[in-house]
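Each of the next two complexes has chain A plus one other chain: chain B in the first, chain C in the second.
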Partner chain A sequence: MERIPILQMGQFLLVTIQVDMHDRLALALQDDLTNRIVKTQAQGVLIDISALEIVDSFIGRILGNIATMSRILDADTVVVGMQPAVAITLVELGLSLTGVRTAINVEQGMALLRSPFGASPEERDTHAQT
Partner chain B sequence: MLKHEVVEARSSADVLVVRQQARAWAVEMGFSLVEQTKIVTAASELARNMVDYGLGGTVELEAIENGSRKGLRLTFTDQGPGISDLDLAMTDGYTTGNGLGLGLSGTKRLMHEFEITSQVGQGTRVMITRWR
Partner chain C sequence: MVLKSKSVVAKILEQDETTLQTDWLKALENSDMYRKGVIRPAELRDQCSEFLRLLRNAMQQGNLTEIQAPEWANTRQFLADMTRVRAQQGFSPQETTTFVFSLKKPLFDRLWQELPKDPQQLAEEVWNATTLLDQLGLWTIEVFQKNREEIILRQQQDLLELSTPVVKLWDSILALPMIGTLDSSRTQVVMESLLQQILETESQVVIIDITGVPTVDTLVAQHLLKTVAAARLMGTDCIISGIRPQIAQTIVHLGVDLSEVTTKASLADAFAIALKRQGLKIVAAS
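Presenting the complex of A and B:
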């Protein structure tokens, strides 16, 4: 079966989605990424969706699942490169991608993953209090 | 009706074909990129619904006219189990499967017209239109 390649770069895993994914391919990516996080003890996952022409509720759910699963496995996920038309459509569809961290491009995404704990300012405040 | 085409949707791979055809039609009819994206996303949601819940079905694409306005109409027809409570099915977040329950309600927001008819044991038909 066709698979989306996962590249390892140091402590990070990189995925560039370059094909229009059917549902089973998206589910396979979710499984593969989870396994690779454990195997490589990766600290972060960067998913580049700049080539994706749509994100519908299914793909949105997969992105959310990947972010949640990686968080449970102690890795951060950043989704980068969403096209403006995709973002507009996603919001009207009613998807907010809660829990999925995003960045404008690969460079910004990598910077986010490299920042302390990869945490957002609010999360860092919470850590500081506890 | 200016032009029409019917695409079969029986598997998750067919959903890709529906997306590609919806895109090709939207491009040919001169819809903007954002409009194309909305149409393709709506088509993807409804085609998947048919495959996952309606045992597969057909998608009819039509270029239609209303005075000087041109529109793209997509009609999704399946002979699946049907939907017993349409109001409930149209509610954001309601799902009988493991999805997010945004397929129908979200699709309605992406299009100008949305019409759904369903009969238990007979099947479901969803007709969506976007005008230029």
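Presenting the complex of A and C:
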């Protein structure tokens, strides 16, 4: 069965979804990723979905779940490169993925993971003021 | 009897066309609905004689009641073209239909002269003619209305495209000045163009300025929040600016929760905070 590769870059894990997600693939990714986080003691996870063109409510929910699970395992999660159509679909489905951090591309996503104050814009504002 | 009665109006049109046209022109020029200066007298005369000619041709086919029939196609086309031109010149529907209705008086005068001794036939003739002219007049109103609707529809579409510019203020800072009432279809267009621009410019901050939005109700607020949520999913922070005092009051009274979103009173404040987030600041030139 095909699987989505999980790459390790130092203390971060990198997941690049290059194929259209189907339900079993998403569930397999959820399994693999949680296992890898525990095994590698990763501090951050970056999920690149820039090639993902189609989402349904299930995939949307799994994406949110994966991010929440990673956070419970003490790894920051950033979802990067979401396509406009995907963003609109998720919002219309009522899945705003609150609590999941997002970035426009992989570069900024990595910067967000590395920055110690990157939790939210407000915290960055306070950081900038001090 | 019917055949004969038909021929009276047609006969008048054939034989007394010139006098009829002169009377009609006089009636048109004397009516308040005739705008001197907008239509030249020569043009009006041409239109009158053309209409009379078409009317005569159509009547010779013998159909006096059904103007949707094919033999009336030319007459309808002529009236439609004329109405279109007049609508563009700013005529009111009343002024436009007067062109047709003002033919009644001269035509009935002629009928009365033709049939002085036969009141029954006269009444019948008048009835036929009036039905016919009423239908033609109503037809011009219909065309007029259709024209207006087309214009309104086109303007709506123009507005939709015109009023949703996405402006790049600085590297990775976009601004979206919203103008006019936000409804579902407009918000959809706005959201799509904004997200596309975010993707192309890889922007990190978007300032949504609602100074030009006259009112904010729950629906508009919901649209705004949806846009903010979609932009956030793509990794871009949104700042809402240009909130007027009244709108702030309305938002609180409606119970709309904007606590998740950074809000600023003016676009300048929002731009300042956006720069700060990018680690930039504006300094005076020495």
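Operating definition for what follows: the second predicted complex is superposed on the first by the 118 of 130 C-alpha atoms of A that agree within 3 Å, B and C clash if a C-alpha of one lies under 4 Å from a C-alpha of the other, contacts with A are read in each partner's own complex, and residues count from 1 in each chain.
As a working rule, a contact is a pair of C-beta atoms (placed from the backbone, for glycine too) under 8 Å apart; a residue touches a chain by one contact, two chains touch by 3 or more.
Keep in mind that this is a model prediction, so the values were computed, not measured.
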For the overlay on chain A, clash or fit between chain B and chain C?
fit
Pick one for A:80: touches chain B only (first), chain C only (second), both, or neither.
second
Apex chain A: angle to the C-alpha centres of chain B and chain C, given in degrees as a multiple of 10:
50
Contact-wise, after the overlay, does A:24 reach chain B, chain C, both or neither (first, second, both, neither)?
first
Look at A:96 in the shared chain and tell me whether it touches chain B only, chain C only, both, or neither; answer first, second, both or neither.
second
Touched partner set for A:104, first chain B, second chain C, both or neither
second
Quick one: is A:54 in contact with chain B, with chain C, with both, or with neither? Answer first, second, both or neither.
first
Overlay on shared chain A, then closest C-alpha pair between chain B and chain C (Å)
7
Common interface positions of chain A, toward chain B and toward chain C
83-84, 86, 88, 92
Taking the touch rule as given, give the residues of chain A at its contact with chain B in the complex, in rising order.
20, 22-24, 53-58, 60-61, 83-86, 88-89, 92-95
Parts of chain C lying in touch with chain A, wherever the complex brings them together
191-192, 195-196, 198-199, 202-204, 226, 229-237, 260, 262, 273, 276-277, 279
Within their complex, chain B touches chain A through residues 12-13, 15-16, 19-20, 23, 33-34, 36-38, 40-41, 44-45, 48, 92, 99-100, 102-103, 105-107, 109-110
Given the complex with chain C, which residues does chain A contribute to the contact?
79-84, 86-88, 90-92, 96-98, 102-105, 108-109, 121-122, 124-125, 128
